[in-house]
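Some structures are shown below for you to check.
What follows is a pair of complexes built around chain A, which joins chain B in one and chain C in the other.
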Partner chain A sequence: MIEGIFVEGLIYGIMALGVFFTFRILNFPDLTVDGSFPLGAAVMAACITSGAGIFWGLTLALVSGWLAGAVTAEIHNRLRVPHLLAGILTMTMLYSINIRIMGNRANLPLVRQETLLTQVTQAFPGLDPAWVLLGFFIVLVLGIKVLLDLFFLTDMGLVFGALGNNEQMVLAAGVNPATYKVIGVGISNALVAFSGALAAQYQGFSDVNLGLGMVVFGLAAVMIGEFLIPSNRIWVLTLRVVLGAILYKAILYFGRYYGYAIHMTPSDLKLISGLLIIFALVLTRRGKKGRGGLFS
Partner chain B sequence: MKKWGVALMLAASLVMMAGVGLADTKRVRIGISKIVAHPALDALEKGVQDGVRESWPEAVFDLQNANGDLSTAASIAQKFKAQQVDLAVGIATPTAQALVNLLKDQPVIYCAVTDPVDAGLVDSYDKGGANVTGYSDMTPVAEQIDFLLRIKPIKRLGHIYASGESNAVRLAQIARKVCEERGIEFVESTVASSAEVKQAIQTIIRRVDGVYLSNDNTVFAALPAVSEVCMRHKIPLVTADPSSARDIPVLAAWGFDYYRMGVATGRLAAEVLSGKPTAEIPTRYMTEAADMDLLVNLDVAGQLGLTIPPDLLEKANTRIENGALTEAR
Partner chain C sequence: MIRLEGIVKTFHPGSPDAHTVFQGLNLEVGEGEFVTVIGSNGAGKSTLLNLISGKIFADAGRVFINGRDMTKLPEYRRAQYVGRIFQDPLAGTAATMTVEDNLMIAAKKGFRGLRISLNKKQRETFRNHLAHLDMGLEDRMKDNVGLLSGGQRQALTLLMMVLSRPPLILLDEHTAALDPRNAERVMDLTRIFVGDYGFTTLMVTHNMAHAIRYGSRLLMMDRGRIVLDVGGEEKAGLTVEGLVKRFSELGATASDALLLTRGGEV
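Let's turn to the complex of A and B:
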């Protein structure tokens, strides 16, 4: 069970890293996520069921996610539409596109198909599949995290940091913010779609409604992470997002597990999620004023 | 200091998780994973419990609800796996898929899944899976459309369904085929949310002589809007859900009661708990005449200027006449 929570937390942690990129680094609150997550799942499921294979599924999920983000950024740049609205527009359009990708179906099962997860577990026969998966996802997510850390140390990565802080300064330095937004929001949604592709294989289906609640999950992971470890160093920033995602999954899980003891029904969980984010925000804010956070 | 904090936090959660595994009881434990709170699915959930309790009065139920968040479906399955429930019931397609995907050793019973083979739950209609079987909520689409044809010979049939509900998409395919076979024009309109239903019916109402709605949670949430537009244009409306037709003016509704399907699913679960292998139980359907409910609204028929053939009226176990509801049987 512990391994289950960690695996889910790690899969959704990749999505949370994408949300962190737009929300915290680019300062571009992006709602495309609710559409690009099922987009990745749909592309992956379509590739697996049509026989194109897992490699192409993951690659095309990344590419399609990047495209979705680029569309949002372009709508924002060219039409001077606010961030949130641009994201909502793309998310809305993706609903129809996702159904098309799955061959005019709302739901594509992967239950008895060969997926990345079955391949990984078959590569280590004799070991408990749950722990094999946990090991695999730790390595995968750490790899993505390290790549992101290295990316943020490049010239381009540093420009992204500056762009979110002070767009005028970036302009004055002779960089076109519009181009960088296309790249940045694209990378963010590529991560989200990749996470969606993994989630579809983990739960055994892709569904057009898979994106519900994704932005909230990503934000919660980011906020809980900030509550856990206050820091400005990039490797800590990315690490705490993943830890936040795992902890948030664990909290929801315990709400489900022990909630009955305080007469809580599963439908109360959404309220709990919202309150939890507010709670983390309040504590983080208080920490900034005073001694500096919970674990500093 | 910082690292210690995180380590402590994680260690604390590990200890909490380890404690969970100790909670164990000897009674039969059944996990029910429901996709969303909805009158039909709630009735189904209650039916499952009542059905199981007929033979296992001591059974303990863990009722879970994904609140429509499909990503939660896998978390619920994970929970049932960790708890080692004796049997898991998945209500609706995505929750059933997540259970089948994650639970390999415990039996999984699905219900409210229209086409289990299409949904990837079992390989064939003739037998169950290694640990999977269940009830399909396939509604008799052809019979329902024929029923409407008996009351009023129509040339163009309107149909609204949610493009995001896999069950609804499948039923619409069947309805389209039935109409082709009967030589009727099939006029369809799809919606993504309940808020779009009124507009959808308004766009097709002038091009149809009758409207048929099959099992579709999104559309039924907006049934009053469909009924209102149909009544205004004097178009007969036939649905697959008798329970909503009790309050909302619909010419006729013919389908099964979700509570009764729940009880049947519960009895099936009890059989599996008693040791019957799931592989020997093919997907079951609510096809018995006793499973079906036919509701006829004579007030609506009067306003539309239609007469219900006496033999059909004979079959109706619920009638609405002069605003009063009478139940036979």
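Let's turn to the complex of A and C:
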């Protein structure tokens, strides 16, 4: 069971990295996530059931996620709509689109289908599938994390840091902030959709409501991470997001299975999530008077 | 270098707050000129810089920079040719990024890709530049800019602007928010950089002594008009008292008293 928590934490950690990118680096609170997560799941499920295959499922999940983010950024840029409203608009539209992608159905089962996960476990026939998956996802998520770290060291990555800090400085560098918002919010949602594609395969189905509360999950992971490890180095920042996601999954797991002891029901979990974020906010706010911020 | 033709600018047109700043402003600044701009509050100094940098657009008239018509070019496109420093030392840097990251972002203009340019050689170049500022920044390249003092931040902003060598620089009271010692240091650095790189410079200041001491030409603005435009020997012969007298002859707008005290300080 413990390896299940880790695997789920790692899968949702990719989504949390996307949330971290928009909320913490771009300073663009993006609610598209609640729609782009099931978008990735829907695209993946549609590709698998239609026979297009796993490779195309993952690729198209990334591309569609990027497009969803780009739409949010464009709504914000061109119509001067606040970030939050732009995200909500895209998220709402994605609900209908996701149902269309799944062939006018609210969910699409993937049981008995060949998925990335069955392929991976079949590649190591002698070993316990649960631990094979854990090993696979550790390597995969670390790979994504390292790529993201490297990205933030590039000339383009540095501009993203400045964009969330001081837009005037980005203008002075001769860079159009609107273009970078499209790229950045796109990358964030590509990660989220990719995470959704993996989650659908892990759970064995895609559902249009899979994204409910996803932003809150991502934020909780980011904040738990910040509470765990104070740092200013980018590789720690991304690492602690993933650790935060795993820990948050564990908290939810224990809440779900042992919460009955204190008369808690699964429907109370959303309340707990919200309280947890508020708690983490209070603690980090108290901890970082004067210092803190993006790379600090 | 800069040519403004018939600039008209009204804020909040069609509303009760409508306020016309410029009604056909013309200005020509030659290559390599260092122009200081003084004037009371509301004279249109900042609006002038905003029109040149592209922060705001004129209702009518044309803006030429470097011989190109940039009337309709957005701010980020004009940034290729125009560097700018604001009064607020926080406005030009990213507080939660390191000194070297800030320098790297400013070192080039325009869209950038996935190369990692901040390498050992680049750091060495930055270190040398920082050492020349004489602000103790060369040993703090990995510190977040938010930890620096206002003077250090403004000196860093100045260096960041200089690194990309824009042909035209706009200084908007860039020493006004600093303590006297740091203000002098930043002003010194400004003079040195302008001398070394030959930037065409427009410097707005409230400090009359600075306006006289620095630069090759002095503009005095009042209610959207250029009321005094002197260069060469005539400028060298100006005194703070003389300027204040000219001001009062204009019919004493707004904050002349402030100008008097400011002028007297230095």
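Definition applied: the second predicted complex is superposed on the first by the 288 of 296 C-alpha atoms of A that agree within 3 Å, B and C clash if a C-alpha of one lies under 4 Å from a C-alpha of the other, contacts with A are read in each partner's own complex, and residues count from 1 in each chain.
We take it that a residue touches a chain if its C-beta (ideal position, glycine included) is under 8 Å from a C-beta of that chain, and two chains touch if they have at least 3 such contacts.
Nothing here was measured: the structure is a model prediction, and the numbers come from that model.
Once the two complexes are laid over each other on the shared chain, residue contacts for A:Y202 go to chain B alone; chain C is not touched. In the superposition on chain A, the chain among chain B and chain C reaching more residues of chain A is B.
Judged by the touch definition given at the top, the superposed model places A:F151 against chain C, while chain B stays out of reach.
In the superposed model, A:K249 lies in contact with chain B only, and not with chain C. By the document's definition of touching, neither partner reaches A:R80: not chain B, not chain C. Look at A:L171: by the touch rule set out above, it reaches chain C but stays clear of chain B. Touch criterion met: A:A162 reaches chain C, while chain B stays clear of it. Overlap of the chain B and chain C interfaces on chain A: residues 294-296. Remark: chain A residues 1-2, 4-5, 8, 12, 95, 99, 104-107, 109-113, 199, 202-205, 207-210, 212-214, 217, 228-229, 231, 236, 243, 247, 249-250, 252-254, 256-257, 265-267, 269-270, 294-296 touch chain B in the complex. Taken together, the chain B residues at the contact with chain A in this complex read 1-2, 4-6, 9, 13-14, 16-18, 20-21, 37, 63-79, 81-82, 93-94, 97-98, 100-102, 118-121, 123, 162-166, 168-169, 192. Against chain A, the residues of chain C that register as touching in their complex are 74-77, 79-80, 83-84, 86, 90-98, 101-102, 104-106, 108-118, 144, 146-147, 161, 164. Residues of chain A touching chain C in their complex: 150-151, 153-156, 158-159, 161-162, 165-166, 168-177, 179, 232, 291-296.
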